[in-house]
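In the part that follows, the structures are each spelled out as structure tokens.
Shared between the two complexes below is chain A, which has chain B as its partner in the first and chain C in the second.
Now for the complex of A and B:
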């Protein structure tokens, strides 16, 4: 696999994880400071199954996503009824706990050495294909009844509850969904890098993802995708400045938050533009025909 | 007797967690958001304290006071860069989150860039490192931590409950608009609260540095403070105090039983179960959303 293809594959898989952050923050307004831990869960499930058993990749992917959702369910259960801050803090603790667990159960997980020799089964086409399916599903999800409930909760939890939305249930569902997506990306990442270690999934990674989503525009799927792509590819282009990456990134995020709080894209989606353009073409004959409406 | 010894160690550790949790809770109670930049302030002040100490060979007391001042200034700067404009524009609370998390990473990264990830250690401040109190052997660092924490916390409680400033801060934690109508300068009170929180963070940072070793990863200890404030009831000052002590004692006993490596796992499980059983925390009062 060529250099560019490999960079793009990794970026695509990271984008999936960032999409899960979009489900949490952009749609539901939940903060997860330890979302990378679910990536870790997915990656380790996939890694251990792929190395120790001869299950086909599809089965392994399904099991990892299931594990991600299960752990998200267990973590989310006590905190969805409380204020948002509790989810942020508890997921932070979960992230620490997962890393500590993996480091210490060295006979099962390989400890700090991680797991080696996972077969490489990812390529750029497969990654892009999965991402495309995910984007399609999320766009539909955003416009579904459930998605609208989520957006209502993001805007105001109390009024959402007053409108008869079961807030804890929707929050838990969104959290489980996001956990599943993150685990999927972790699983694919394990198949892509062929090597996994626990330290790569700390809270810094989760905070990075939060920043990406906010720069792009927290309410826009398109914005999330664009800024995720930029921030994933930029470090590759500007390798010389890699030391200052976090500081530059922090400066960008602070500027955006202070002067463009809606992010680069606000609430606009690419599909809105497509619809508008399509609408222009559709309306013309209708006006010309003089339809009575 | 052995367990009593563990209890003493746990209380010493817990008092540091309490200081971290108090600094975190002060901000939480007035602005209603989790201040993730607290860890960054802890790390930077601990490194500045190390730098001052090694350059000028200060005494322990001078160093602590200077560090607290530095932490206060730093925290004010963080407030100015990160939250001043957001507050004036009455931004969504989510933006405060992101701003504080970003500032936290940036502060930590400044330390990584300046000192790289090498470990540093403070000089040994206390000449006989251990003292015997009856049947117990207590490290002097632990005793100092406990003592200074008690002094700092008493000072904080005095300010919060006996002075006009304290009344302003506590009123602000209830309702910003009414406080403004009462003729209190909200910006000043918030700035002062940030400075108090920064001073607490700096003291805790130096303690963590003395107790373990000085690394940029020191900001991990802010998570303990956050856990402590969850246990105590988020946004509750006395809750943060008890939560810190509880977490400290708990950690020492868990480490004794299962080893240090797995401690985060058991603390996490404990706090999950605790939240299921008693979500309102030890103190029983947490900040609730109002219409």
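Now for the complex of A and C:
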């Protein structure tokens, strides 16, 4: 695989994880500071199964996503009844706990050495394909009653409950969905890098994701995708200045939050633009018909 | 026949007895009002009935069914809908979607149908969109369906909240100071609107209001709260003639 293809594959897989942050923060208004832990769950499930069993990749992916959803469900159960700031704290704690657990259960997980020798089964086409499917499913989710419930909860929980929305249940749904997506990304990452270690999935990664979503525009799926892509490719572009990477990233986040508090895209979606353009084309035949007369 | 029956409802916040042993009934198809000075416990009473607070003691019956221990969304599904004193709309949803939120909460497709965009889901969403448009038209907001609530003037936001509360077709509609902040013309329009809505849906309404004009024009029955306790009840004339009520509103007469 060429260099650019490999960079793009990694970026695409990371982008999936960032999409899960969009579901939580952008749609539902839940701050998860330990989301990377679910990536860890997915990666380790996949890693252990791929190295120690001969299950086909599809089965491993399904199991990994299931494990991500299950752990999100277990963490989410107590979390969704709490206020926003407490949710951030608890997820932060959970994230760090998972990393510590994997580090110390060395006879099962390989500890700080991680897991080696996972077969490389990812390529750019597969990664892009999965991302496309994911975006399709998420757009449908956003444009359904569930998406509107999430936005209603983000805007005003009390009023959402008064309309008959089961607030803890919808929050749990968002949490489980996000957990599944993040685990999927972790699982594909394991098949991509062939090597996993727990330290890569600490809270720093989760906080990075939060920054990406804010820069892109917390309420825009398109914005999340664009900024996720930029920030994932940035380290490669700035490879020569790798020492200063974090400074550049910090500067961009600060500038955006100061001058564009709604993020790059605000609430705009690419699909809005497509609709507008489609609208322009629809009107044209009527005008043409008028000309003929 | 009573749509709502509240018996000895009380709640304490720490040592503060915000509502004490309040009993009341609202007759089916009627407009019942709760009035009282600021801090009398009117909104707290609403919050108790609609499930935001759990009462320390007492019982709430809706249409013969005990709803005291139910959660907020369960009470909504049982048939109580409400508006808020300080308008609480969903600012990132369009006005139409705000109304639709009540219908969405009653739509019966699951998450798989939703993410796959299956025909059943599309059909339900389309039906609900059309139904929401009907409620928007009812409060005369059909022309701003695609705009956002925060771009509407105050009076229209109040009407949007009313449409949203109506969309679930409740047995009991609870309005918390719906005429607050409206100018005199808007108040007239509001009274007309309530009459119109009552004609269409044969609704039972529970109303908190400070504008006595609204209260006396619309109410079939009035309850007066003061310091968390029931002070008086009766029809409009009886309340206007009640010396205790006048004292509570105007202050005691010194001589």
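Note that in this section the second predicted complex is superposed on the first by the 283 of 293 C-alpha atoms of A that agree within 3 Å, B and C clash if a C-alpha of one lies under 4 Å from a C-alpha of the other, contacts with A are read in each partner's own complex, and residues count from 1 in each chain.
Assume a residue touches a chain if its C-beta (ideal position, glycine included) is under 8 Å from a C-beta of that chain, and two chains touch if they have at least 3 such contacts.
What you are looking at is a predicted structure, and each value in this text was computed from that prediction instead of being measured.
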Q: Determine, for the superposed arrangement built on chain A, whether chain B and chain C clash or fit.
A: fit
Q) For A:108, is the partner it touches chain B (first), chain C (second), both, or none of the two (neither)? A) neither
(Q) Rounded to the nearest 10 degrees, how wide is the angle at the Cα centre of chain A between the Cα centres of chain B and chain C? (A) 80
Q: Could you look at A:267 and tell me whether it touches chain B, chain C, both or neither (first, second, both, neither)?
A: second
(Q) According to the stated criteria, A:211 is in contact with first (chain B), second (chain C), both, or neither; which is it? (A) first
Q. Between chain B (first) and chain C (second), which does A:243 come into contact with in this model arrangement: first, second, both, or neither?
A. first
Q: Return first, second, both or neither, reflecting whether A:158 touches chain B, chain C, both chains, or no partner chain.
A: both
Q | chain B versus chain C as contact partner of A:89, first or second or both or neither | A | first
Q: Scan A:149 for contacts with chain B and chain C and give back first, second, both or neither.
A: second
Q: Go through the superposed model and pick first if A:166 touches only chain B, second if only chain C, both, or neither.
A: second
Q: Specify the partner with more touching residues on chain A, choosing between chain B and chain C.
A: B
Q: Please work out whether A:137 is in contact with chain B alone, chain C alone, both, or neither, and reply first, second, both or neither.
A: second
Q | Distance in angstrom between the closest Cα atoms of chain C and chain B, superposition on A | A | 7
(Q) Output the chain A positions appearing in both contact lists, the one against chain B and the one against chain C. (A) 158
Q.
Help me check something: in the complex, which residues belonging to chain C touch chain A?
A. 50-52, 71-73, 76-77, 81-82, 84, 88-93, 97, 100-102, 104-107, 109, 111, 114-117, 121, 125, 164, 168
**Q.** In the complex, chain A residues that touch chain B
**A.** 25, 29, 31, 33, 75, 77-79, 81-83, 85-86, 88-90, 92-94, 96-97, 99-101, 103-104, 157-158, 204, 207, 210-211, 214, 218, 243-244, 246-247, 250-251, 253-254, 257-258, 261
Q) Mind pulling up the chain A residues that touch chain C in the complex? A) 137-138, 140-141, 143-149, 151-152, 154-156, 158-167, 173, 219, 267
Q. For chain B, which residues count as touching chain A in their complex?
A. 28, 33-34, 36, 81-82, 85-86, 89, 91-92, 94-95, 97-99, 101-106, 109-110, 113, 220, 223, 226-227, 230, 234, 259, 261-265, 267-269, 271-272, 275-276, 279, 286-289, 291
